[in-house]
Structure formats: C-alpha cells, structure tokens
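You will see two complexes here that share chain A, one where it goes with chain B and one where it goes with chain C.
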Partner chain A sequence: MPGADKETDLTERIEAFLADLKRGGSGTGPLRGSGEMARETTYLLRRITAQARWSSAGDLMEIIRNEGRRMTAAQPSETTVGNMVRRVLKIIREEYARSRGSSEETEQQESLHKLLTAGELSEETFREHFVHLKANVIEAINELLTELDGTTDNIAMQALEHIHSNEVIMTVGRSRTVEAFLKDAARKRKFHVIVAECAPFCQGHEMATGLSKVGIETTVIADAAIFAVMSRVNKVIIGTQTVLANGGLRAVNGTHSVALAARHHSTPLIICAPMFKLSPQFPNEEDTFHKFVSPHEVLPFTAGEILSKVNVHCPVFDYVPPELITLFISNIGGNAPSYIYRLMSELYHPEDHKL
Partner chain B sequence: RGVPYQTVTLIHQSMVKRLPEHVQVDDPAVVKRLAKKLERQQIPLRSDYGYKVSLFSHLHQYSRKAPLTQLLSIPSTVIHPSIVRLGLQYSQGIVAGSNARSVALLHAFKQVIRDYTTPPNEELSRDLVNKLKPYISFLNQCRPLSASMGNAIKYIKKEISNIPSQCKEEEAKTKLLTCIDRYIEEKIVLAAKAISKYAIEKISDGDVILVYGYSSLVNNILCEAFEKSRKFRVIVVDSRPRLEGREALRRLVQRGISCTYVLISALSYILPEVSKVFLGAHALLANGYVMSRVGTSQIALVARTYNVPVLVCCETYKFCERVQTDSFVSNELDDPDDLMVTRKGKTQLENWQDVSSLGLLNLVYDVTPPDFVDLVITDLGMIPCTSVPVVLRVKNLDQ
Partner chain C sequence: ANRGGKQKKGNVTSEQEEEEQPLQAVLVADSFNRRFFPISKDQPRALLPLGNVAMIDYTLEFLTSTGVQETFVFCCWMSNKIKDHLLKSKWCRPTSPNVVHIITSDLYRSLGDVLRDVDAKNLVRNDFILVYGDVVSNIDVSQALQEHRHRRKVDKNISVMTMVFKESSPGHKSRCEEDDVIVAMDSKSKRVLHYQKTQGLKKLQFPMNIFQHGSDEFEIRHDLLDCHISICSPQVAELFTDNFDYQTRNDFVRGILVNEEILGNQIHLYVTQDGYGARVSNLQMYDSVSSDMVRRWVYPLTPEANFTDQQGQGCTHSRHNVYRGAEVSLGHGSQMEENVLIGRDTSIGANCHISNSVIGNNCTIGDNVVLDRAHMWNNVHISSNVEIHQSVVCDGAVVKEAVRLNKQCVLAYNVVIGPNLSLPEGTVVSMHHPEEEEEDDDDEFLSDDQEVGHTFNPAEVGPEGKGYIWKASMNDTEDEELAQCLWGRPLSKQNVCKVVSFQLEVLGTLQRGLEENIVCDNLVLEINSLKYAYNITLKEVMQILTRVVLEYPFQQQGTQLTTLQYTGSLLPLLKTWSPVFKNYIKRAQDHLDCLSAVEELFLEQDTHQTAMVKVLMKMYQLEILEEEAILKWFSTGATNDKSRQLRKNQGLQKFIQWLKEAEDESSEEGE
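Presenting the complex of A and B:
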C-alpha cells in the first residue's frame, strides 16, 4: 500500500540520518560543517511534515519533538540539529496561530495577567485541524532553507565594514564562515592573517592553505605562540561551534586562551556565527559540556609503556564567557553579546527550549 | 658649567652596548661586516632558509637539514673538533635546554684548554682568549647563544685574562680547569639543590602541580619532592612542534609520580584542577620579564585568570642585563618545516614554499610580564620578579 511504503521510506531515512549523526561525532573533528548538518536536518523535518501522518498541529509537533529528541540523543554535541528542530516547532506554532487568525504578539508576551487568567490554555490549543496548515508549514520551512543557504554569503558581505587595510588579523583553527569572510574582504583590501594551527587536529593548516591560495598574506603559528604574537594583532576573528544562551561560546579548544590574550592586549574579539548556531542551552560545565576524543591524538601509541601509567585528555571544546567577546557577526547583522537573549526569544519559543 | 662635553660622550659610549648581530639581519651593512669577520676567522657563513615573516625579518631562520658543519672542510684546522661536535649537537637539537647547553659548552672548553699549547712569544692570558673567539662565532652560527651560555663565556674570559703572566702553562691550565669545574658545581649543581630545598617548602600534600615542557630544574624539584614523600600529582602541558613535555613525562613516570598529559590548547579545561604552576626559565631579564620557552606566557596568563599561583624557578647565573618588553625584538626562529604535520596520510603544508603568500613561524622563546609571575625561586632565595636588577647589582659588586 502506498501509504505504508511512504512510512517505511520515512523511517528508513530517519534511521539513516541518526546513524550518520552517531558516526560523524566519534573521531577526528567534525566530518561535516554545521551548515550542512542544519540543512540536512531541515530537509528531513520537511520530509516528516510532508509524509508523516498527522491531523492537527499538536500531532505534528509531537512527532517532530520525538524525532528531535532521538536526534539530539544520537549526537549531543551537534547542537544545530536541536536548533533546527526548535525553529521548525516555532514555525508550526506561528503558522497555526496565523491560520487561527489570532495575532502573534499576544502569544509572545507572557504577561503576569495572562499567566493568572489563562492558565489552562496550553497544549490543547493545537488540536484544531486546518486544511492548508501542511502547505503553509512546508512553505515556511522552504523559506528557512533559503535562509540557511544564504547565511555564509550574508556574513561575508559584511566583511568590508570590519576589516581595513594593513590590518593583522588572527584566527584559530578552521571555520568555513571566517574563511568566506576573509576572502570577501581580500577582494578589495590587503591585510595579513595569522592562523593558529589548533593542535592536535591542526585544522589551521587547511585554513592557511585556503587563504593563501587567494593571495592573502598568511602565517601559520603554533598554539603556544598565541600570546607572544598577540601584541601585534589588530583583531581576532574566529568562528564557533555553538553560541550559548548567555552569549558565551562553545568553540574549538584553545579559543579561551586566545580570548584571554586578546582581552589582555585590548584586542577586539569578533565571532562570525550564523543564526542557526544559536542554542538555548546555558553552559553546564559538569557533564554535558565537554566532549572528548581518542587520546591517541595527543599521545600516540608509539609512546610505549608509559601510556598505561598516564592520564591523557583530549577535549574538543572550550567555554568562552561572554565578557571576553566584543561582537557577534551573524547573517542578520552585528550584535553585542548582551543582545543574544533577545535574538533567542525571536527564534525559539520558550516551551521548546527543552525538547 | 657642569660636566665637560668629552666626559659626557665617554660615559655615553661605555654605557650603551653595541647591538648584537643576530638581531640585525635586516641591515645589510651589519650582515656584510659579519661575513668579513667570519671570513677572517675562517668560519663558513650560514644562510637563511625559507620565507621569513616580515615581522621577524631582523632575525635569522635556519634549516635543520643544512647544518653549518657541512660547509666545513675536513680536517678543519681552525676549529677544535670538540667544538665542531658541540656545534652540530646544538644545531640538530640533540643538546637542548639552557642548563644542558651551558654544561656541554663548559666541558668542550675544558677539552680545548687541555689541548692548548701557548705559541712562542705569546702570553696565555691573551692568546687563549683570541683562540676562543672564532669558536664562539662558530657556535653562534650553529645556534644563537643563550643568556646562560653568554654569562659562562664572560666568566671564562675573565678568568683567563686574570692569569698572571709569570704563571707556568701547566699551572695555568690546571687553574682554569678547576675554575670551570667550580663554576659548574656552584652555579648549576649546588644551585639546583638550593632551589629544590626552597621549592619543596612550597609543595604541600594533595597539590596538583602543572609544569610546561621540559625544564631540568623543575623536574629535579619534583623528583626530590617525591623522594621526600610529598603527595602530589603532576599535569604536564606540552606544545607542538617540539613536544618536549614527553621527555619530562617519561622521567616523572619512571620515578612513580602520577601524571596527566595534555596539549596547551586544553589548558582552560585542565586549569580548574590545578593548585600551583611551576615554570622553568631560559633567562630572567633586568626589567623583571621572564624569557622562557614559547607558550610560557600563555600558561601564566590563563593561570592568573584562574587565580592559580605561578612560580618560576631560575638559577642566578641565568640573570641577564638585557631588557625586553615583547617577544619580537629578540627571539630565535627555528626551522619552519617543523610545523608541518602528516595526518591521515596527508600533509597540508607540504608545498608551503611554493605558495608565495604563505609563511610558517616557529618561535622558540617568549617573554612573560612580571605581573603574571607570583614568585621566583633562585639559589639566593625566593624573590619577586622585580628584584632581578638588585641581584644583578649584588653579583657585580661581588665580582
């Protein structure tokens, strides 16, 4: 029966995506960029909306929430997956509200009066069935996809506002966003880039070769030399894995040292991060924040018998507190870290913060 | 009307030291002068390698694959063979670390003195010093001299010039050999014991101590503290491309000390566990800055942020009259090819020489400002960083 085929096809795709997520996280650094991850997730969510069986918005939200929980459990460090799920949930809420005819603003504000008088209006308001809801939701998801496609270009377009001639810019490791940002500025201005290699994965090497190919003067330095050369650096421009709800970062390890060195020399620290990296999580240093990979990257098996007597750590991420950050450049423009909470309330609904 | 003009210029000339050649590579007149001097001393000139980052165009950058000894003719009559061997050991990194280099230098000089015979009509005190000059140029070409080596050489030259002219040759040579032995014994071995004694007072049970790279002095302190049954564990922080921390790790683990090993990029992760940081130094400058292996200033900075005390251990013979405020004006550039790494069978920077806008920078030293350092432990006691010029003045008065 065609309906059952579609369902099995859908579950197959979801399982394949989950397996991909699980595999992608273990090992030597991210195999795919976050942008790709976000796009794949959104495609999958659109497919779920189109092919799954649901009659009301509440059902759809329940399905998406379940799938979202499974996806985030498969790879907790890949926060873009969860972010996209929350975006789609917000889209569904908005489309539902628009179909019902109620204005959006009254839904947003949780005034004290509303809390006291309308306590029982929660989940069950999503039970009504609308004919065009599916089409509207799919159209909104398509708009989201267009936005995702254009993020890198939108960020790169702002490059000339921030980089002037003869500057020395420092960056850490490899970020596709920062690479596009610097390449765009290099079309019109001449400047010098210092890339910290970011051991043990040394993604900085790839970044340096990419930048030097378009003629940007690039220097590769070891991580240990970051403070030593910081006095000559005019700006530090880096990318990040996630932007946390308090404006802090979860970035590749070594970023906190760079941020501290920049603060000591009063050098501005600029983060190029698209909006889909913004996550409603707060930093939790205890258990879920850090991710570790195999310590053989740090101390290889050739080290011999001391391996059994030594503890070796290879963390992947670093927490950077918001006080050290000067500016966030995202696809919707530049923002201070203190404004992040507001952007978050526009992107996600507070009830979706916990999937 | 005050001091006459001539006296003022005389004072000025004696106080301002001439700038060393190895930080004036971008001045062609200086390079030519050096080439002439080396030609006179019959020592080959080593050429720079690879594209140099413009910020460091005033420093040399040599390749390890082209040691100076390849340019020497065999047998070389001008340079003593033990000096040639020493130069090769320096340039290939076999002998590394300021204490090791100084001790190796002094032993090589002892051999030179043993094999020395005064030519007729010459005085030992003058001729021997002149003999040593080309050796020092040669070693400088192999690898720029460290501050500790500079101080040792100054001491030897002074001792040689103080030999009275009526002294017989054998007697003079024995005297010099004992002087050198005493220098090593006092300034390095006994100093290490004194520093250990002071430092062990600072280590308490249950401490988590962070060390960076391989410092012979800090390793010594930790091993002695472990012998005295202090309970602590050590975190060894290492950095590319030298990875000297692995040597420190090996030695500590052999003694039975429990160790953790991380790279410097994981510093912010590991620092909340740390109770003290022990760092070694290459030299202590007269304005209180600590010159040490590159990465030390970063460790001191992050430790200061987490309010972890930073203790620097340094013998007094490494105190230097120079002043420096950043890591650019005087540094050493190591072989840039060391930064290349092969991961998963692919070397990203393999053809970096072909790309004109790509440069690799392999710094060896950096300077740590004194406000990051809480205490300096020396053989004269525990002093703050800013007391270095006081110690230097006291030492000069002694001599």
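Presenting the complex of A and C:
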C-alpha cells in the first residue's frame, strides 16, 4: 500500500524531527541557526500538508496544530518552530477564506463592538471542501519558504542605512544575522567592531574570527568590560533568539547588561531580527522562558569535590525589556518596539497564539 | 589462563565492510551481581527509576542520540519485566530510529556469556558499542568512533576496543571507590598500557616493560571516570569465545594487555571532557547520578525533557532546579528548597521541607515532613512528622507517623515502617526474609509456608511494621558488607578481609606443618605462594606470621590459658618454626616490624604481658631477633600511653638491662 508507506514515512520524519529538537542544543544554543530551524519546520509542515489525510481545512489545521503542539513541547525554548506553525495555520485560514470568496481581513479582528452586536461568536468551522485548497496552501507555503530564504539578505541590505564610516559598533555573542549585516556594511564602509565574548560559551570568539576574516577591524572584550567600553561605542547592534509580544527580547545571556550599559550612555541599541523570530509569547510565562543547560561550562566536572557542595547553574537566555531597545531591523524594514503588536497581528491569527 | 586460540577470522570480513553499515550496540540489561539486593529481587536493576525514568531508557536514549540504529538488549534476571517495559516504550514503536532486539536467556551468568552468545549468533557485523543497562550518559561517542575506525583502518585491526573515559578529578562524588581505576597510556597513540582498579591501595606497581616500547611519552592517569561505554570490534566477541574464562570486561582488558605480545591486540581509550557518563553500579552512585541529573549535568537528558515520550510524564522546571509533574499539590507552608523532582499526582502536606530529593508518581506525603536527599519511588505513603535523610524508599512502601530514617537506609518494595521509630544508619528493610535468599537459589519453588516461619519483629520495624531487617538477622561482618554492597562505600574493608583470610590460611599451613612434620622450607614455600595469591606485602606477611604463631596456643587450647601454660606451649613452637622466621626477618626494618607485631599482640592480651619477656628472650636466643633491634624498638617504639605502660613492665626492663650489659660485654670483648 503506497498510502500507508507514505504515512509511516511521514510519521518517521516527524519523530526524527522531534527527537532532534529534544536533543537540540548541547549548550551553545541550537545546533543549527534559527533560520535553518524555521526552514526545516516549514518543509516538514509542507510535507504534512501534502501527505497527511485530510479533507477540509479544519482537518488540516487540527493535524498541524497537534503536531505543532508536540514540536513546541519538545523544545519550548525554540520559539521559531511554534512561529512557523502559526504562520502556516494563518496561511491555511487565508487560503480557505479566499476559496470561499470572502476576505480574511474582515473577520480577523474581534472588536468589542463586534462582540456586542454579534450576540455570539461566529464560529468558523472550515468544514467546506475545496478541490484546489491543497495546491493553494502548498503554493503559499512555498512562498513563505522563499521569504525565509531571503531574510538574512533582506536585513543585510539595510546595513548601509545604519552603519556609517568610522563608527564603533558593539555586538555581543554570535548572531548569523548580525554577522551578515556587518559584513555587508564592510563592503562599502570602514568601521570598528567590538565583540563581547559572551561567557561561558564564548560564541563571541567565533564571531570575531568571522568578522576579521573579511577585513573588519575587530576587538574582543570580556563581558565585564562592556560598561567600560560602552562610552566609546556609537551603536550597539545585536541579534536575538526571540522577539517577544511586548517588544522585549529573549536573547543570549549578557544581553541585558549590554542593553543597560547602552541606555546609561544613551547609545542606540539596534536589534537585527528576522520576522520569523517574532513570537506571540509574553515574558511572564516563566516555565518555558528560561533554559538551563549543563553547568559544565561554568564549573567543569573535573573540579571534583567542590561540586557536591555548591549549586551551579548555567542559564542561556536573558530577558531584555522593550524600553531599552531603540530599533528592530527585520526583513521588512525597521520598526520601533511599540510597533511589534501590529506586526504580530499581521503575521498570526489571534486564535493561533495559543497552539 | 589464556589460550592463544584460533586465528582472527574477523580480519577478512571487516575489511570488506563499508562505513555505511548501521551502527550497532549491545546493551547488557543485567548487572550479574547483587549490588542492589534486596531491591533487585523485585525489579531488575535496569528498570529501577532514576529521576522517575527507568535506567534502561537513559541508556537507550544515549545510544539513539549517538546514532545507533540497531540495539541488542540482553536480559537474564527478570527478563520478562524488561521485555514488557521495552515493548511498551517508544523504542519498540515502528517509527523508532533505533531498532531494538530483545534477547533473553537464563543462562547468562556474566558479560562473557553474553558476548560469547553475540559471537555464536553472529549478531554484530561491524564495530559496536557495548554498554550496560544502567549507564547514564550524554556523551557524543561519534568522535571516539571515528578515531576507533581510523585506527582500525591504519593498523589493520590491531586495536580491538576503545574505552570511553570521562575526566573527573579524584574525590569527585560521582567516582565510586570500587570503580576507581588507574590507567597508564601512551599519550600519542592513546593506547592503554596498563589498566588497574585501585581498590583502595596506596601503592601501585607498574610493570616496567610497558614503558619500554612504543613512543616516548606516557601518561599515568588517575583522574578518569570509567563510563563503562566501550566501542568494540567484532573481534571482541570472538576473543571472548576463544577465552572461555573471561567473565567481565575487566578480565578481557587485562587479558588483552597481558597477552599483547602474543595476540597483537591493543586497547585504546578516549577521554571526554564535556559530556557526562557514569554507571549506576551501587546506591552511592545512584544517589550521585540522580543528583547530577537533577542539577542538569546530563543535559539534554533532563527530567522536564520527557525524552521517553510517555504521556503525562512531563514536568516543569523552575528556579533552583525544582521540577514538578502534573497535578502536584503542595500544602501550606511547605518548601521545596532546591534540586527537587516531584512526579505526577503526588500530594504533599503542610510545613514540609524538601531538598535534594526525588519523589515519584502518586506519592502522598503528610505534614511536617523533612526530606533531604531522599529517593522515593512510586506510590509511597509518608505520614506526618517523618524525617528521611539520604535514603531510598521503593515502590509501595509506607512510612508511618514520626519515623526517622537516618542516612543510607533502604526500604524495599511494599515495606511498612513505624510508627514512632528511628531506623539507625544503613538499615535495609525488605519484605523478603534474608535467609530466604539462599533457599531461593537452590530451590526455585519457594513455598509460602516457608515464609510463614518468619514473623515481623515489631521492635525492628515498628508496631504496625511489615518487613524484615536485613541487618539484624545476619552476623556483624556480613551485615556491614551488605550495607556496603548497596551503598558502595570505600573498599578498604575488602583489604582487611583479604588479610584476615590470609591469616587463616597461614594458621592452617602451620597447623598442618606441625601435624605432618613438614620441613620448614616447605612451609616457607607454601606461605610464599599464599602471599602471591592474596597479594600481601612482605611486611604484612611477617606481621601476620608473628601474630599467628603467638596466638597459636590460644587457638589450640582456648583463651583461658594461664601465662605459665601459654609460655610452656609457645616456646617449643618458636623453636620449631625459627627457620620460617629467619627466612622472613632479615633486614633491620623487618626486625622492628616483627617486634611491633609482638607488641601489638601483647597489648591486646594484656593479662599475658609477663610472657612477653620470655618470648622476646627466646626469640633472641634463637637468633630470630637481634639485640640492637630490640634495644632500638624499646627506646623508640613507644607511641602511645599503653605501649609506654608496657615498657615499664619490670621483666622487660630487666631483660633490656641484661641485653645492654651483654652488648657492652661483647663490645668490650671485641676490643
């Protein structure tokens, strides 16, 4: 039975992806960049759309929601996965609405006025069957994939607007987006980059080697020197792991101190973050917010006897409140933190915020 | 002894094999020892929960995450339970990337049997990973595997095994004494030259020849923790078949190293710095691995990851490493201080203090309970006002009001304790009677009426208690060994045992020598062979010999001897055995050691102290001891009050005086 074969193949792939997610991150953050993670999730969702058994948009959404729930549970800190699931759900909604001939826009917002006048919530069932829905959804997902492929380039393209000649830029840790951003600017302009090493994983070292290879003048500093060096810095440009719904960040450990130092010296703090990092999560959901990895990097296992007498923790992420952030640069342009809510509502359907 | 055996047939086949062969693993889900007795009487060790997940699941997850695609699980003890568990788990789902085959047999008695079966059934085709079912690890062995394969390619299958070690300095709590190894290695090729368990020895010897060939850089390392993960070539299984006396991996490693010249096989090691790997070989290790896991050393194998993918097993992680499962209720004023893992549906009463503990599913805990380093498995009931310190409470156990479990207690399955009782340190309580154990071995059909013979002792387990204390029903030495077995404390004890049994053997030899009139030379020969058999140092031999001889009259005629009778029977003996003494007592230090042994004995037998002079006199006359040695001993040997008291003995004083005079005379004569 080829159908059954397909299905086991699909479940096998999903299981493999889940197992990968669970093992993901040996401490230095995800093994793959979040961009790759987003792409892989979308590929998998496209495969589910193509191969799973479903007859109506409602079924498909249920399937995707279920799988999405499992994926996010497997690695709660990897928010990109959930974001991509939400994006695909939104695509299905839109395609369904288009097939029905109504525009999604009109139904999207539940306003107080509408709640009062409608009497009861208009429950959309998504039960109608459309022949072309599958092809349309896959087409739309393909578009999403193209968008994902271009994000880093789109962000890097804006570099010249933000980086000027002879500026001193500070960054922290390693972010592929920031690296591309700086490299792009370096093709035309000359500037100096100071990289905070970001202990204990010291991804900053990697970043500095990458930058110096293309001829950017680079200095690595210890995290403790951030405040001291900040007075010389013109701009702080950093990446992030997630942009939260309130415009805050969940970024690598040490970012908060950079942000505070920047605020103290009135240095602008610019965040390079592609749209797929935008998550409808708020910072108060404490359980999944933090990620603690093996304390090995902080106090090595070889330290011996002392380990039984102390508690060692090694958190990975920092929360950076939105008021410390000057500007977000995403693949669709620059935005202020206060505008995040609007982007959020454009990207995701409010009913999908909680999978 | 090792037979050179048949030619390596693996040579031809393994060269033809390509790298794309799926990686295989052999998982031994049996420990072949009784370290977890009596807990393992009800549940095989591989299924004991560690952080509320069966230990075998950690091992399988470790194998799967390193890319193993086919695992053979070998079970013996309670194989049905292991099989049931695995069939229900995610490993046997059709989508699992790691195909698990379960092979059971009651005939496996050791690791050697398992590997011989692997060879007989021709299960492995390529290099495989060998682990036990109680290894917890997150080491990525792919690097080690690559090195191993490279070596095999370059050196034409000379290297048969790569052992994985983790760097951890001595004194680390995850290093247990019995697994303490010292390894001599070639630092360039990473070849193992010498491998020895330290067993609490202070002095270690390395054969010189290991340093004479090969490269000029060697390392002798004591900072390695044996992870019990080894990458083996198919030859390993063959070598086990060839050498039917190999029982454990230790035998194998030693055999290979000793016979390296003959067989041309080598063993290498791989040392990892990051990553975690340890084998839960006893309860002390259980305690430390469990706490390492809760403290996230084994990340990403953390409790909240729910890697076994079981419904409802998930839990949340919050600060201070507090993990809570679903539906956990916590009473008013209760505190979970740090490093606490609480399973699903567990309810905890008011004003409890919980720290560094793991609590299983479906437990109920009363008010005012203090738990520190407690390991509680599923369905445990704890009443109010209970205190538990560093103890293991197994499934279904009930602890009644106001019970206090001191350190290192073990309550096995379904035991009831209390109320109002304090269990002393190291108590082990089980529903199985300790004597039942031996009966069990001979006779599998243990009938119930045999058990009726034993009744619960309310003084031991409390008025409402159910269970037998494993301590009280055994004599002293055995009980301590048992507690030690479970908790695995330092092994100096075994050393003492060795000495004691050596002493008994020496006594037997001398006795026989006396009865059968054996020549002293032959006695010396026999004692020498015993010395090697028990690995006893020369100094100890001498001390033991002295002791045995001096105690001989007591042994033969009871301890009620008068001093006169004692010396009467001892002095002829000394005369008969003087050649034996002379053989061992040669250097000046030997004399002092012998004297201190004599002193030690007479300090114990303080009623016979007057006999000491006569003994010394006789030994002097027989030329066993020299006068300078005696004088030196007398003047310097006193270390504590008792021995000082001893030296004030009038007879002794006179003897020394006489010796001194004799010396003066002889020296005068000399002039």
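The criterion applied here is as follows: the second predicted complex is superposed on the first by the 337 of 355 C-alpha atoms of A that agree within 3 Å, B and C clash if a C-alpha of one lies under 4 Å from a C-alpha of the other, contacts with A are read in each partner's own complex, and residues count from 1 in each chain.
By our rule, contacts are C-beta pairs under 8 Å (C-beta built on N, C-alpha and C of every residue); 3 or more make two chains touch, one makes a residue touch a chain.
No experiment lies behind these values; they were computed from the predicted model shown.
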Chain C versus chain B on the shared chain A, clash or fit after superposition: fit
Which of chain B and chain C A:Ala303 touches, first, second, both or neither: both
First, second, both or neither for A:Arg98, with chain B first and chain C second: neither
Touching partner for A:Ala73 - first (chain B), second (chain C), both, neither: second
Partner chain in contact with A:Ser231 - chain B first, chain C second, else both or neither: first
Touched partner set for A:Val293, first chain B, second chain C, both or neither: second
Partner chain in contact with A:His353 - chain B first, chain C second, else both or neither: neither
Which of chain B and chain C A:Ala19 touches, first, second, both or neither: second
Chain touching more of chain A, residue-wise (chain B, chain C): B
Touched partner set for A:Val312, first chain B, second chain C, both or neither: both
Nearest-approach distance, in Å, of chain C Cα atoms to those of chain B in the combined model: 8
Intersection of chain A interface sets (partners chain B, chain C): 290, 303, 311-314
Of chain A, residues touching chain B in the complex: 28, 197-202, 205-206, 208-209, 212-213, 215-229, 231-232, 253-254, 256-257, 260-261, 264, 290, 298-299, 303, 306, 309-315, 318-319
Chain B to chain A touching residues, read off their complex: 53, 55, 239-241, 246, 249-250, 253, 258-270, 293-295, 297-298, 301-302, 305, 326-328, 339, 341, 343-344, 348-349, 352, 355, 357-363, 366-367
Of chain C, residues touching chain A in the complex: 64-65, 93-97, 138, 140, 166-173, 223, 273-274, 276, 288, 295-300, 305-307, 314, 316-321, 338-339
Chain A to chain C touching residues, read off their complex: 8, 11-12, 15-16, 19, 22-27, 73, 286-287, 290, 292-296, 300-305, 307-308, 311-314
